Amino acid sequence: MARLAADSYGKSDVRLTKVTRAGDVHQLTEMSVSIELRGDFARCYTDGDNSSIIPTDTQKNTVYALAGKNDFDSIEQFGKILGRHFLDQFSHVTSVSVNIEETLWNRINLNGKPHDHAFIGGSNEGGSNETRTCAVETSHEGTKITGGINGMTVLKTARSGFVGYIKDQYTTLKETTDRIFATIVQASWTYNTLDADFNAAYSSIRDAFIRVFAAHNSLAVQQTLFAMGEEALSVCREIDQVSLTLPNQHRLLVNLQPFGMENPNQIFVPTTEPFGKICGTIRRD
Amino acid sequence: MARLAADSYGKSDVRLTKVTRAGDVHQLTEMSVSIELRGDFARCYTDGDNSSIIPTDTQKNTVYALAGKNDFDSIEQFGKILGRHFLDQFSHVTSVSVNIEETLWNRINLNGKPHDHAFIGGSNEGGSNETRTCAVETSHEGTKITGGINGMTVLKTARSGFVGYIKDQYTTLKETTDRIFATIVQASWTYNTLDADFNAAYSSIRDAFIRVFAAHNSLAVQQTLFAMGEEALSVCREIDQVSLTLPNQHRLLVNLQPFGMENPNQIFVPTTEPFGKICGTIRRD
Amino acid sequence: MARLAADSYGKSDVRLTKVTRAGDVHQLTEMSVSIELRGDFARCYTDGDNSSIIPTDTQKNTVYALAGKNDFDSIEQFGKILGRHFLDQFSHVTSVSVNIEETLWNRINLNGKPHDHAFIGGSNEGGSNETRTCAVETSHEGTKITGGINGMTVLKTARSGFVGYIKDQYTTLKETTDRIFATIVQASWTYNTLDADFNAAYSSIRDAFIRVFAAHNSLAVQQTLFAMGEEALSVCREIDQVSLTLPNQHRLLVNLQPFGMENPNQIFVPTTEPFGKICGTIRRD
Amino acid sequence: MARLAADSYGKSDVRLTKVTRAGDVHQLTEMSVSIELRGDFARCYTDGDNSSIIPTDTQKNTVYALAGKNDFDSIEQFGKILGRHFLDQFSHVTSVSVNIEETLWNRINLNGKPHDHAFIGGSNEGGSNETRTCAVETSHEGTKITGGINGMTVLKTARSGFVGYIKDQYTTLKETTDRIFATIVQASWTYNTLDADFNAAYSSIRDAFIRVFAAHNSLAVQQTLFAMGEEALSVCREIDQVSLTLPNQHRLLVNLQPFGMENPNQIFVPTTEPFGKICGTIRRD
């Protein structure tokens, strides 16, 4: 009557700190790793037969063991190692998804120079709650690597407007040529090579996003999104596609007229919800 | 050089309370609505031309206006109304996704009977942080309605084991025939009709999940997942497919031996992360 | 130049699951325990001398060991055991604060009767995200026990108004005799005996809160708060004081006039912030 | 039988964005303001008599109006303005607590110089999720101003140990002279003048915390806490007292021996809970 149409399983949110030492200088990497396996696991679902099951606890152990055994300098490289391990070790596994989210740490500056072993959360240019992400999909057909950014908060107080949109019976929004544009950038991009310089790519794409966000004369969040994606493709030849989600974190102008006051775009209420959610994928032609 | 390969936009997390009154008896519905539109919006991205844009602020207003204008007794019905509105009103919109998450409210019992207008969060059988969800996809090709549950926390202290799995060089987990099984049910199911009795379906599926979870002799989370899905299909003829995600919210046995104590499955540490994540989709044959 | 004026330290958020078995019927208790010690620890702060320090890791172990060694049927009893342990074992400890937050679990009903070993999150009357709390302060001067509730969400759609308040130059709020009153009850009460029937007290106080909230004709959140506290003192002789915080979780009436519609107290926006925060402590005379 | 022993009320989490413009250069300030009033409000609690009540909605409006009317360059100054307003305007108000939490924004660097109107979340030296806080208590007896920091995440991979502590029957922790020390700084300090240079004080105290955290050879979290507080008092003459809470965000060494591997302080598990919580108040002598 009922059959298993799709299935996957794995360990999520395996948190890992790795410290590597070159003399007195320490490198710090912190991440959360999630693994998802697909393959011939059906009899576990239908019959409780665990003979094909790699326990999620073993998957967790594997993350720690392979982090200790291997040198890697990016989460993308570590994702490749993990995906390859499960695919090679278990013939009944047909594909492996590895998702990694890396916490940003920045060296503390002491007496004008970066400290050897002390760090502060964030990047050297802000980074409130921002993370770096990757997704590595490994199967017998090949490997696909996606890099990304989550939670990059940016805001501009000028050069953003919104006019010329459709007005219907439910429209009350007033056109404006001067509004605050605040968003929390979520982005991912697809590498066209498995041997990219992932860190350089990440940095140049992140810089491109920030640069375009700041400089762009925004007629719509959508337009800024496209310009950010275009610039990312332009600065990094190792990616072919970039997807962006830009939630519009509205700052609403407060009505001060009841108190006999003007409000010349000065006092706003930041709101969390509802929010406009603008999505787009830009591809190299 | 770069082109827009995919796009969508809309308003997310539009929160709504609706009170309907039949004499002294009040009905309370609270939900968060998210709308996503697809269609001919490319020139907004590429040129900042907003002439095809229905502002997300208007989408928000539309949610409130249509909630006021229409009678509906389920989030699925309201989702249909919203999807239909945007598709009918705007010829350049090709598809509309409406996602709704409903907060559970239960009438307070006063003097042994349900109160007319006072409510407590949750359902009448628990419901810590649980919500009811739906996704309605409307396009010119037709409408697809999915119901669901998020955040239903359940736990059993017996009749759960895990043995017979693969042991490799990274396995340290010990087999057990007696462990705690705790999970936070996330489920969705696809209706095979647009005129289902959505509330009855939801209730019978939710009851099926709870009943199977409690009664099942679990050899693996996967097996319980399949049994829950199978029972949902069995009790509700109006759905053809159910997808479940069951995170394994581990309760780890504490080692009390250093203190000269036994721990006969009595003292555990509940952990949030890492967690096993077990997914499956069960389809009617 | 600088001296230590106050200090304390301890382990926070020690999560614990305890299962006790009477034949086939299992009791489930889950909680998070926080311990804070005060005493003669100054030289650790000023000189890094740890010779007076009971490591927070040991405190964690102690929670698990004492949970295994002792029978207790309430978090208050367990708090007393923990506080007494640290005060008795270490002469330089002068006071111990034990704070416990208990997750609510409710037996699943199967075939009309409560299940032996399967549970669902929440209480049998709702309980979305609600917890039970206690604070036990133990010192050589004596012990003070406080019970409490966190996160009890309640809402009423009638018999709540707000009129007759001060109007000044910044007032825009309109008087209303019919508004939604929603709050998330946070309460604590002080026992006047160390041997109270803590579970009975908790249940009767919780019921009192719910009953008064539902039945009260509320002229102000403050008035309902006082009535709830008064009723708690009335139903439980073992407490002398109750403190309540009732955040006013506003439901704002949506203005539908721009769409040519009335809104007869039917469509509201639930908001998280800002919120009114109403606090009061009621004492037995 | 029951009487009101204590009470207060107010509006919490009033979110505010203020943009001030000096030519093309924009200043951005974002904060969340909470107000709590004490005074003669008893009859509202006991009788539902609102004639002494300043609605929390009016308090919210007042925040926005006074933010528009006044120039201020620190949250402390704005807190003083707000506290003074309520105390002066309403003779039955006896004291006002204003708590403000400011979000950090950092100018985006474009072509090597700070942008006029584009910002990224965080500070210029990290600042993951960090905020600046203040508490201003205003009453007829005078005003007390407290500044603070919340959520400053720092971590060091060397020069932290923990030895020489008490061992008892529940101790399993091993002594170490080389551990990771990670914490999330929460601090507040009391100004000894109402006319301090609040921004300069904040910056110098924050820098002091970071500098000491990085450079200190830590024998215990307590010792580092004291050293941080001492340095704050040393660099800022306008404060007399500083309180710090340093949660010990443990990084646990992973046992890789089951896999035949060493773990020379390289691979750790970051944990959120349980956590050591170390508190101290340091006062100028």
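First chain written, first letter: the chains are A, B, C and D, and each begins at residue 1.
Please note the rule applied: a contact is a pair of C-beta atoms (placed from the backbone, for glycine too) under 8 Å apart; a residue touches a chain by one contact, two chains touch by 3 or more.
Not measured: the values here are computed from a predicted model.
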item	value
Required minimum of steps from chain B to chain C, each step between chains that touch	1
Pair sharing more residue contacts (C-beta pairs) when A-C is set against A-D	A-D
Most distant chain from chain C, judged by the mean position of its C-alpha atoms	A
Mean-CA-position distance for chain C and chain A (Å)	37
Centre-to-centre distance between chain B and chain A (centres being mean Cα positions), rounded to whole Å	24
Inter-centroid spacing, chain D versus chain A (mean Cα positions, whole Å)	28
Residues within chain B bordering two or more other chains	15, 61, 65, 170, 172, 258-259, 273
Complex interface listing, chain D residues touching chain A	15-20, 24, 26, 28, 30, 61, 64-65, 67-69, 103-106, 108-110, 115-130, 152-159, 180, 210-211, 213-215, 251, 254, 256, 258-259, 261, 263, 265-271
Touching residues on chain A, where the partner in the complex is chain C	169-170, 172, 258-259, 272-273
Touching residues (chain side chain A, partner chain B) in the complex	1-15, 32, 34, 36, 41, 44-58, 60-62, 65, 89-90, 162-166, 168, 170-173, 218-220, 222-223, 225-226, 229-230, 233-234, 241, 243, 247-248, 273-285
